[in-house]
Amino acid sequence: MVVVMEQAARASEVAALVAKVESMGFRVHLMKGEERTLVGVVGDGRPLDRGQIEAMPGVDKTLAVLRPFKLASREMHPEDSLIALNGSKVGGKKVAVIAGPCSVESRSQLLETAHAVAQAGATALRGGAFKPRTSPYSFQGLGVEGLELLAEAREETGLPIVTEAMAPEQIPLVAQHADVIQIGARNMQNFNLLQAAGKAGLPVLLKRGMMATIEEWLMAAEYILSQDNPQVILCERGIRTFEPSTRYTTDINAVPAVKSLSHLPLILDPSHGTGNWEYVTAVARAGIAAGADGLIVEVHPRPQEARSDGAQSLRPEVFEELVRQVSQVAVAVGREGPIRP
Amino acid sequence: MVVVMEQAARASEVAALVAKVESMGFRVHLMKGEERTLVGVVGDGRPLDRGQIEAMPGVDKTLAVLRPFKLASREMHPEDSLIALNGSKVGGKKVAVIAGPCSVESRSQLLETAHAVAQAGATALRGGAFKPRTSPYSFQGLGVEGLELLAEAREETGLPIVTEAMAPEQIPLVAQHADVIQIGARNMQNFNLLQAAGKAGLPVLLKRGMMATIEEWLMAAEYILSQDNPQVILCERGIRTFEPSTRYTTDINAVPAVKSLSHLPLILDPSHGTGNWEYVTAVARAGIAAGADGLIVEVHPRPQEARSDGAQSLRPEVFEELVRQVSQVAVAVGREGPIRP
Amino acid sequence: MVVVMEQAARASEVAALVAKVESMGFRVHLMKGEERTLVGVVGDGRPLDRGQIEAMPGVDKTLAVLRPFKLASREMHPEDSLIALNGSKVGGKKVAVIAGPCSVESRSQLLETAHAVAQAGATALRGGAFKPRTSPYSFQGLGVEGLELLAEAREETGLPIVTEAMAPEQIPLVAQHADVIQIGARNMQNFNLLQAAGKAGLPVLLKRGMMATIEEWLMAAEYILSQDNPQVILCERGIRTFEPSTRYTTDINAVPAVKSLSHLPLILDPSHGTGNWEYVTAVARAGIAAGADGLIVEVHPRPQEARSDGAQSLRPEVFEELVRQVSQVAVAVGREGPIRP
Amino acid sequence: MVVVMEQAARASEVAALVAKVESMGFRVHLMKGEERTLVGVVGDGRPLDRGQIEAMPGVDKTLAVLRPFKLASREMHPEDSLIALNGSKVGGKKVAVIAGPCSVESRSQLLETAHAVAQAGATALRGGAFKPRTSPYSFQGLGVEGLELLAEAREETGLPIVTEAMAPEQIPLVAQHADVIQIGARNMQNFNLLQAAGKAGLPVLLKRGMMATIEEWLMAAEYILSQDNPQVILCERGIRTFEPSTRYTTDINAVPAVKSLSHLPLILDPSHGTGNWEYVTAVARAGIAAGADGLIVEVHPRPQEARSDGAQSLRPEVFEELVRQVSQVAVAVGREGPIRP
């Protein structure tokens, strides 16, 4: 950390700051410029609370030098992490495509979708049994029945299951039926849930909060990793901006940025990122071109009957074309797609 | 809802839409303009899923007419709601000032702060026992011990207690010690927590998510209200924007906007809203001037030793001056302050 | 500036950086931490291009220490600046209220409004002759005729005139008729216009860009000030955020923040900040309570006939009540309002 | 437009609204729902001022039905527009890559860069002679001398020239030396400049403002198109969001969104979009994969000596690799790259 003193800071204020920092076991470098004094604080990597320092008299601001995440950082773990998902691996040469309905609505809807996405080349099946809904009056998911239907779909198609848990007490149940526990964007900083998911021992798909910085997102991953669970898959799903013509703004910059900062695999959700099925395939191609390790896509046999996210769900034949196009882009950037293009 | 058809929509697509909407029990008004056809959908107030409609062929977009919250809306409940808090009421003529440390750190720290804010005129004591922290390596709060210290502080000062619950399973414990259950900004859309808090029967202080629209915030309140708990206090605590010089951007427009849309009382948190103790008093005055029903302010006897939020915590003497200034502004806008100015 | 080296930076890369910085005439402080090397760069206040440094091998990032504005900064000029406006002064004890229509539409509309706001206590008359409009098909203002009508309104009411210039070549004409040249939000970084306005020798009202940070806004002021024109009035008019229920988000934090960073007077525009006449008075009170030196408010005798900004324009009797309420708040915070409350 | 009345609107208020709208020559459709009355307004495509309507008593809000741009819209002009640029065309099967330094700094710097990008396959040369800089103390460009050097570089390499004009009075000079006039992001709503650029008869490269919605951007294009100049190239260059780890957020969703709304060609600027040369190639690939018609990329022979934008400038050998990778992606999505991959 570097502490910037106010221009008018007195020598006694600088001395008090130095004394405080040294008393906490850190070393200090003083730099006197023409206008300001800087105090460099050097330690053993332990975090130093910025608020305490900024509350001292004569201090203008502090500048962070080190990134606050450790287990998630590429500096600590230079090679890419691979997360096993059934037979395949997320984070390797082959890109993963997770697909399925927003919500599990019925046995027939789920099985029809599962067979369709399996045939199109999907790597895993997604589907929500517990649904976080903005309105208490909206469909809240089938709950346990939905989990059982997902397990049945796995049985039938062989696809591993990705599904969301919304509360710590749901984790055991979800872990019993799912292959990957999804943490939704609205729960990215539900720290009790992160810890509970981390303890379950399954891979965790961690969606970025719609207003979370990349650093906060990696700190949320750190909550899971610090439970001795190294299996975190990050998912960029769009951030909230001022632009009203799409539901969210897909942060495509986050793909190279996260790949530079972290060893964890990263997938893209073009369905939530755009909110409009007509834009999903274009943004899916972009994600793979930028270096994402996979995609998660909403598919519904009849979007106009979907109980949630109909506007952004692909019909199976559109999804099939998406897989074909994405596979071509994957090859163009030196990877493999879910199918041979 | 009004459905806007694409310019090139065919008559058969319009007919299919009308048939679908009517089959769901709604009435339809067709409007043919020079360029577009509009379909007005009229019903009995039941929600109609926009996604399903937008997924139909020939549909360009849908426009929402009704606001989705009911119990929280002023249309349904024109008079201001008053929430009893000890002897006083939040939402009445007298503005409330809730104050105390970010975290309960020790018995002496809490009691010293509690006595100081009580003497300065505070209405209630805040203090965190369970702390949501961005980093798993930061201080996470004293937990149960913190709750017991808060109860002791109430005993000593008579101030009612406002403290946060982070997970549904903490609610019974928090409800046992607190007078108001706080839901933090990061949990504003933790729907399981909202329902659990609603069921506890205590007043709930609902902070706005840093990324939540006013409509989403009122929908979160609706989750609590729909548990037959009418005691919700809304708290504007700053939203996330591109401006880096303050921690968040206090959305002062939200004060008249929420007062227009809802009957629920609204308080302002200038500590989180600015992130800088030097700006807290100015923004506190602004909140009361704009019509807020109160404030929640972080106070610490020695901010440079605070284990969280030191940079935005007021020393007791600064808080005392804030109460004095805020009371003058309250009178200027036809209300009463915590003290006689 | 502090340069943070990458964790894996080689000694030769650090040496090359030091050599480069020293060759540019700066002194260097090296700080070796456990994980990173920092290079403090100390000079005589001249700016050092961050891009050049960040482009060097082994460099992770740079951290800015000094604020880039000089003439606008309070450090250079600790006392508040006062800008003369007719007999009164903006920035002194008495708060200024500039009011009038968005656009000058006709002689009768302007004079009716001018007399009404003068009678209610306004300090100056605003009105647009050149109008920046998002659409080329919208009313673009009366141009020169509008300026002449403004001059006539000054003649009749004695109110000084605030009006916008949109291009460098309009400055001479505007300066001939106006007392204050307004630079609109969309032109805040139209640097040629800033320089031309600076040279005109009149006070300049500089609106904050809807996407501009406070630092960029003060840098825009620096463009004017560096033309040897010290008469800049800053105007916060709302920033763009994700919140859709108001037109912009009034950045109330900017009031204490700018007052801390700069000596320039600051006024608030609650009309554009909210976009809704029902919220204007509440936010106007908040601005004065937070410490703003004045307001600029849109008033129209018949908003439902206004050729621009009707939704946010106050009828004269509503404006009169605003002045009354604002004057009471001004007194409560130790200032004077436009009228004796 | 659809007008939503307040729930409590009186019959007389509805009647007054209908009378007003009809008196303006529009037809009206009334829809009475259980809770609200809607008034559909149908006309001949002329714009109706929303502010006037929203200012009427009893009106809650208005909902826009039609998009406000005409000449830029795909509905009016279903086929893609092609803009001739030297021998090639922007908007056709072959993607364009415009490259060069941020600023023209010297004859040798420019010619060295021009030859390098030409050899790597660039379609055109970019370089700034007039530079919009946040600080008045930063390098402001070489002005006329820069334009002459650009003309010389075209002479030597055959590459057409893209360069920025910052003020209406610079247009004739820029038009004399350049092949494409660039309008920078900060000037996207400098309407006098847009009109002057439109009149010059050259293609105009219109950068999206960093806080402009897609609709506002297309309205800015409309200002140019309405000068009888159909040659507009749109350029997405990143928008401002809360994410601090990249300079801007590249709005990749804007690629399919603009392609759906407009017939104009669209290119992507990954240099400004990311602000970090290490992320430029990944985002360039993403842009082409999403369907952009080209790229504009900053290249400098020695970024650590660049007088502006060094951190985001590519060295020539990195640019060469970018062209190679982008060409592969172009083929994968059914287009042609600047080189045969």
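For clarity, chains are labelled A, B, C and D in written order, and residue numbers in each chain start from 1.
Going forward, contacts are C-beta pairs under 8 Å (C-beta built on N, C-alpha and C of every residue); 3 or more make two chains touch, one makes a residue touch a chain.
Just so we're clear, the structure is a prediction, and the values are computed from it rather than from any experiment.
> Taking contact as defined at the start, I'd like the list of chains shared as neighbours by chain A and chain D.
The common neighbours are B, C.
> Based on CA centres, what chain would you say lies at the far end from chain A?
For chain A, the chain whose C-alpha mean is farthest off is C.
> Approximately how many whole Å separate the CA-defined centres of chain B and chain D?
It comes to 38 Å between the two C-alpha centres.
> What is the distance, in whole Å, between the centres of chain A and chain B, each centre taken as the mean of its C-alpha atoms?
So the centroids are 26 Å from each other.
> Can you check how far apart chain B and chain C are, centre to centre, with Cα atoms defining each centre and the answer in Å?
The mean C-alpha positions of chain B and chain C differ by 30 Å.
> Please output the residue numbers of chain B that touch at least 2 other chains, ranges allowed.
211, 240-242, 244
> Chain B touches which residues of chain C in the complex?
That would be residues 211, 213-215, 238-239, 241-246, 249-257, 259-261, 273-274, 276, 278-279, 282-283, 285-291, 325, 328-329, 331-333 of chain C.
> Using the touch definition from the top, list the residues of chain A that touch chain C in their complex.
Within the complex, chain A touches chain C at residues 2, 4, 7-8, 29, 31-36, 38, 40, 42-45, 63, 65-66, 75, 211, 240-242, 244.
> Please give the residue numbers of chain C that touch chain D in the complex, ascending.
Where chain C meets chain D, its residues are 20, 47, 49-56, 68, 132-138, 166-169, 186-187, 189-193, 209-211, 216, 219, 222-223, 226, 240, 277, 303-313.
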